[in-house]
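Below, each structure is written out as structure tokens.
Okay, so chain A shows up in both of these, paired with chain B first and chain C after.
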Partner chain A sequence: MSEKILEINDLRVQFKNGKEKVQPIRGVSFHINKGETLGIVGESGCGKSVTSLAIMGLLPDKTSEIASGNILFNNQDLSKLTDKQFRKLRGNDISMIFQEPMTSLNPVFTIGEQLKEPLRRHKNMSKSQARKEIISMLQQVGLPRAEQLIDEYPHQLSGGMRQRVMISLALLCKPQLMIADEPTTALDVTIQAQILDLLKKLKAESDMSLMLITHDLGVVAEMCNRVVVMYAGEVVEEAEVNDLFDSPKHPYTKGLMQSLPSNNDRKSKLFSIKGQVPRPSEITGGCAFANRCPHVLERCVKETPPSFTHQNHLSKCWLQDTSYKEVNHDETKGTAIR
Partner chain B sequence: MLDFIIKRLLQVILVVFLALTAVFFLIRLSGDPTALFLPPDAPREQIEEYRELLGFNRPLQDQYADFMVNAVQGDFGESLRSQEDALQLVIDRLPATFQLAIAALILSLVIAIPLGVLSAYKRNSFFDRIGVGLTVLGQAVPNFWLGLILIFFFAAQLKLLPTGGGGTLVHLILPTITLATYSIARFTRFTRSSMLDILRKDYIRTAKASGVPTFPLVARFALKNSLIPIITLIALDLGTLLGGAVITEVVFAWPGIGRLLMQSLMNRDFPIVLAAVFIIALIYAIINFIADILYAYVNPQIRVK
Partner chain C sequence: MKQKVLLSVNNLKKYYDIPQGLFKEKIIVKAVDDISFTITKGETFALVGESGCGKSTTGRTILKLTEPTGGRIIFDGNDIAALPYKKMRTLRNRMQMVFQDPYASLNPKKTVREILTEPLRVHKKFDHDTRLKKVKSMLEIVGLSEYHLDRYPHEFSGGQRQRIGIARAVILQPDFIIADEPVSALDVSVQSQVINLMLELQKEFELTYLFISHDLSVIQHMTDRVAVMYLGKIVEIAKTEDLFTNPKHPYTKALLSAVPITHPKEKKERIILKGDVPSPANPPSGCTFHPRCPAALDICKTQAPKTSEHGNSHSVSCHLYNKIEEEIPHAISHS
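Right, the complex of A and B next:
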């Protein structure tokens, strides 16, 4: 078994709004091995982004907290780090690309002024060294005329170019783990393909691990080694990528796959999973997917399913109970208990 | 760029012209200046003679046309009282007004910007609440009242500072505080809200994610963005400070344009009033013009090619 770079155990994140408390992440566990690409899929609001912000320590400090669980990065618990310690990791060992390239760069500073920050903070580079490094990184991510670009402002670049700038910002300190939160969602299709190719290429050139958050199963199939499927703040299925596409176990994953439009029959209506994602406050007991599940059993409403694992294929569904024996999630220490 | 400058310069001229026109007609509503120069029991012929001499008996449109023709050439006439050149009298008062306005502006920026930034960074804290409360107070307190209260405590009671007059730095302290109070409150509130807005932006999160510590994050990456709207406000306020410090100047007997304007209005010394309005409007328009250029400097997105 390869070495784990990141391991999340039973993570719960809590948001406070006045007296109201909401847990958008309820007992999430997964891990990323060194050098692999892990895909995290799920619909909007299922907790993908909150999980990534928790890893980066970028959750809003006044309104949210990590209620329980831990995040181990190279066996160091990130949830216990002080601000200062965290700062040494951010942009250095762990970096992140955000969804919105159009608003993620500061409009009043040049590309160079923004990109030199991680180098100056983490690597103590001199100005001229940093400049050289930035130009070579901009070239590596496929940006033309990097020497001029470094002195230009974000508004002078297109969305695709800005996302390339964001990627180069994330790569500058050669991080061990890069988190990409829907890096292509805001871009048009041809640019999407270019950015994904670029990520793949950069990935192949280093032993960096990549956590790719997306709701696009096509992207997952293309890019990832393993996949984690999230639903309403929980991990409902986790498997090796081919395994997941060949034999999805959880009804939610199956639903997601059926929802993909196929090329052949254009006329038929697209499949959709019936119902709505429950609000965090509506989830009381039982399986979070029970109200939308086509195979719902009496047991599903009453009891929360544990994680069933069979040949490294994890699924949180009672349907798996008859054929497979219940075991702890064999790769992470704790089972997702609720 | 040249197009832009020419267009703005034409606007400056228009603003000054309109201000002069409005004031020219409005001050004539205050009454006939001759009435103030002659004793109340002066004979009718004498009043008429005086009006004839000063040209006040001619049709209003002729007076206006004459005034404009002369004004374009920089001639605003002579003071009705002292027979000195009106424009020169106003210009002589400029340094004092500038001194007070700049001092007030510097004081308010030095206090307001750090305060606003800190308030935004620690929003809803005890410090922030107190700060917001004080800024509301600062905006609500009228200048003349604050000026009188300051004179009462620091000059009359404690005898630390002079009650009024100009000339030395000591004289500058009370009027500067009086004049700056409103601006401090305004700038602080504005900086706070502008900063709050910026701190929520995606690019601040990006900078944080690349390991930028809190201080440079706020003081460099966020502040430069939030300064953009503040520059407009500063320009507007500086215009007001330069031209409209009338009340403060009167309260502290500060020898600036504001006080001269007030006195001339009382005396119906029309040439001085018009010359003062001319200078004030010109300064106001020019400062706004400079603000536009500064704007382009801080915000590369509107930089004109």
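Right, the complex of A and C next:
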């Protein structure tokens, strides 16, 4: 059994919107083992990014709070840390790559000025030392002419190069955990292939754990060891990557895979999940996916399903309830066909 | 002849000048450099390529949102490049566009009701009540509901905004729609809904699409013919099946191999291209792809390749194919 580097237990995040309170994260639990790549898949608005912000302690102070649950990083509860304590952690032990390389770099500072910040803060390096370190890191992520590039501004770089700069920024202090929030979504396929290749190579070199947030199942298939599928602020399925692709259990995961164009005949109507992700305020009792589910049972509307686990394959769906299946085997089948 | 040509683009060029100061020579960026293709009525024609290769500029130039520098665009008998502004404006109710960036393409000061009635109002279609009915049914079709009518764009997610953009283009029921990356901002499950919607609308109204995208799996699914663009030039045109089963240009091969796998057990031989797309302001000499090409020959550095036909309306611009057919398999075996 490998060591857990990050463990999230029943995390609930609450946002205040005027007098209304919404919970975009409703009881999320998962863990990341040391040295593994965990993929987090889900559609926009399902809470992937909010979860990662909660881990980094970057949730906006005034409008949001962690309502319950805890985030354990090396057995230290992150949800109770003060700002000052967080600063020591961020960029040092945990670092993050953001989605848009275009907007996440400051346009008025040179690459070098931005990259030396974590080194000066966390490692107390001298300026010349930091510069050397940055140049070697830039070369490591495959950027050409690093000595000149360090004095250039972000607008002088292409999207792929900026994302490489972001990756080198995240790697500078050799973090134990890297969170990559849609690192390749804004990039072209050929550049995406380069960046994924780079991330794989860097991971193989160091003992880093990677939490890869994405909506692209292809990226997951390529990169991850284990996958967490999120829907409407909950974890609906968690499995080894091969298990998940071979036998997805939750109807949502099945729907996601079937709706990929490459899994459908050309020009045919694509399989699609009807409707859209409910807003956090619209979710009442029962299973959050019930209104879009093709196999919906009466029970789904009334009761929230617990997590059923079979051989490390977790799924939050009443169809997985073995006791239920034994009693009403025929009925389940009947509904599934309909 | 059964198929009627709806749009034909001949030697289209779009150059941008970058002034370097009063007495210095301007730098000319050849965003679109001498491309030609035809689109027949009812088909879906795709433009693929990486960002900066000129596919969006092509789309915008066809709609005359930017003036072409040279060449002719003939839409149903009208030469768009020579058409005066007013005539072009009325013609636009037959050709509409879905834009790439749902954040920038909707007016933040207008409600959804205003955004969707505007095209009907501008083209003087229907009276007030019918317009509202149209807008409501359109919202329903694109997967939004009536209570969204009086909301502003910032209240929607990126995906929902793109659907408003699609609704705005389809509401006039045009013949021809230029869809500039319409689904790249959408989630997989929503993406499939929108693709289905586009396919349905195409059947119903005999729409013709120019589908601009970088997502090859979407292109493989929904288009009839594909043109691959690189640095302002079309390097390969083929029927979609032919292109995906038998890509000829080395760039097309690399592009196809870069598509992520669909199953973790799938092994894929990947051609990873080095470097980025060069700047169109300073393109490489000869074949513009040669610095990244795994099969570059000496001739590629100096001479731009000619386009050669390979049957079944498959044409390629590459020196590898200007020689005898038999040499081909050896010349481009994967490195």
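As a working rule, the second predicted complex is superposed on the first by the 320 of 338 C-alpha atoms of A that agree within 3 Å, B and C clash if a C-alpha of one lies under 4 Å from a C-alpha of the other, contacts with A are read in each partner's own complex, and residues count from 1 in each chain.
Quick note on the criterion: contacts are C-beta pairs under 8 Å (C-beta built on N, C-alpha and C of every residue); 3 or more make two chains touch, one makes a residue touch a chain.
Because the structure is predicted, anything quoted here is derived from the model rather than measured.
Give one word, clash or fit, describing how chain B and chain C relate on chain A after superposing.
Overlaying the two complexes on chain A (C-alpha atoms) leaves chain C and chain B fitting together cleanly.
Which of the two partners, first being chain B and second being chain C, lies in contact with A:T284: first, second, both, or neither?
So A:T284 meets neither chain B nor chain C here.
For A:H155, is the partner it touches chain B (first), chain C (second), both, or none of the two (neither)?
In the superposition, A:H155 touches chain B alone.
Check whether A:D188 is in contact with chain B, with chain C, with both or with neither, and answer first, second, both or neither.
second
Applying the touch criterion given at the start, work out whether A:P107 contacts chain B, chain C, both or neither, answering first, second, both or neither.
The answer is first: A:P107 touches chain B but not chain C.
Looking at chain A, which partner touches more of its residues: chain C or chain B?
Touched residues of chain A are more numerous for C.
For A:N124 in the superposed arrangement: first (chain B), second (chain C), both or neither?
So A:N124 meets neither chain B nor chain C here.
In the superposed model, how near does chain B get to chain C, counting Cα atoms only, in Å?
Value for chain B versus chain C, nearest C-alpha atoms: 5 Å.
So chain A touches chain B in one structure and chain C in the other; where do those two contact lists coincide?
Dual-contact residues (chain A): none.
What residues on chain C touch chain A, complex-wise?
50-51, 143, 157-160, 187-193, 195-196, 199-200, 214-218, 220-222, 240-241, 254-255, 257-266, 270, 272-273, 275-277
Provide the residue numbers of chain A that touch chain B in the complex, in ascending order.
56, 58, 83, 87-92, 95-96, 98, 100, 103-109, 114, 117-118, 121-122, 153, 155, 166, 169-170
For the complex, which residues does chain B have touching chain A?
For this pair, the touching residues of chain B are 201-214, 221, 224-225, 228, 298-301.
Which part of chain A faces chain C closely enough to touch in the complex?
So the residues of chain A in touch with chain C come to 43-45, 144, 158-161, 188-194, 196-197, 215-219, 221-222, 241-242, 245, 255-256, 259-264, 266-267, 269-276.
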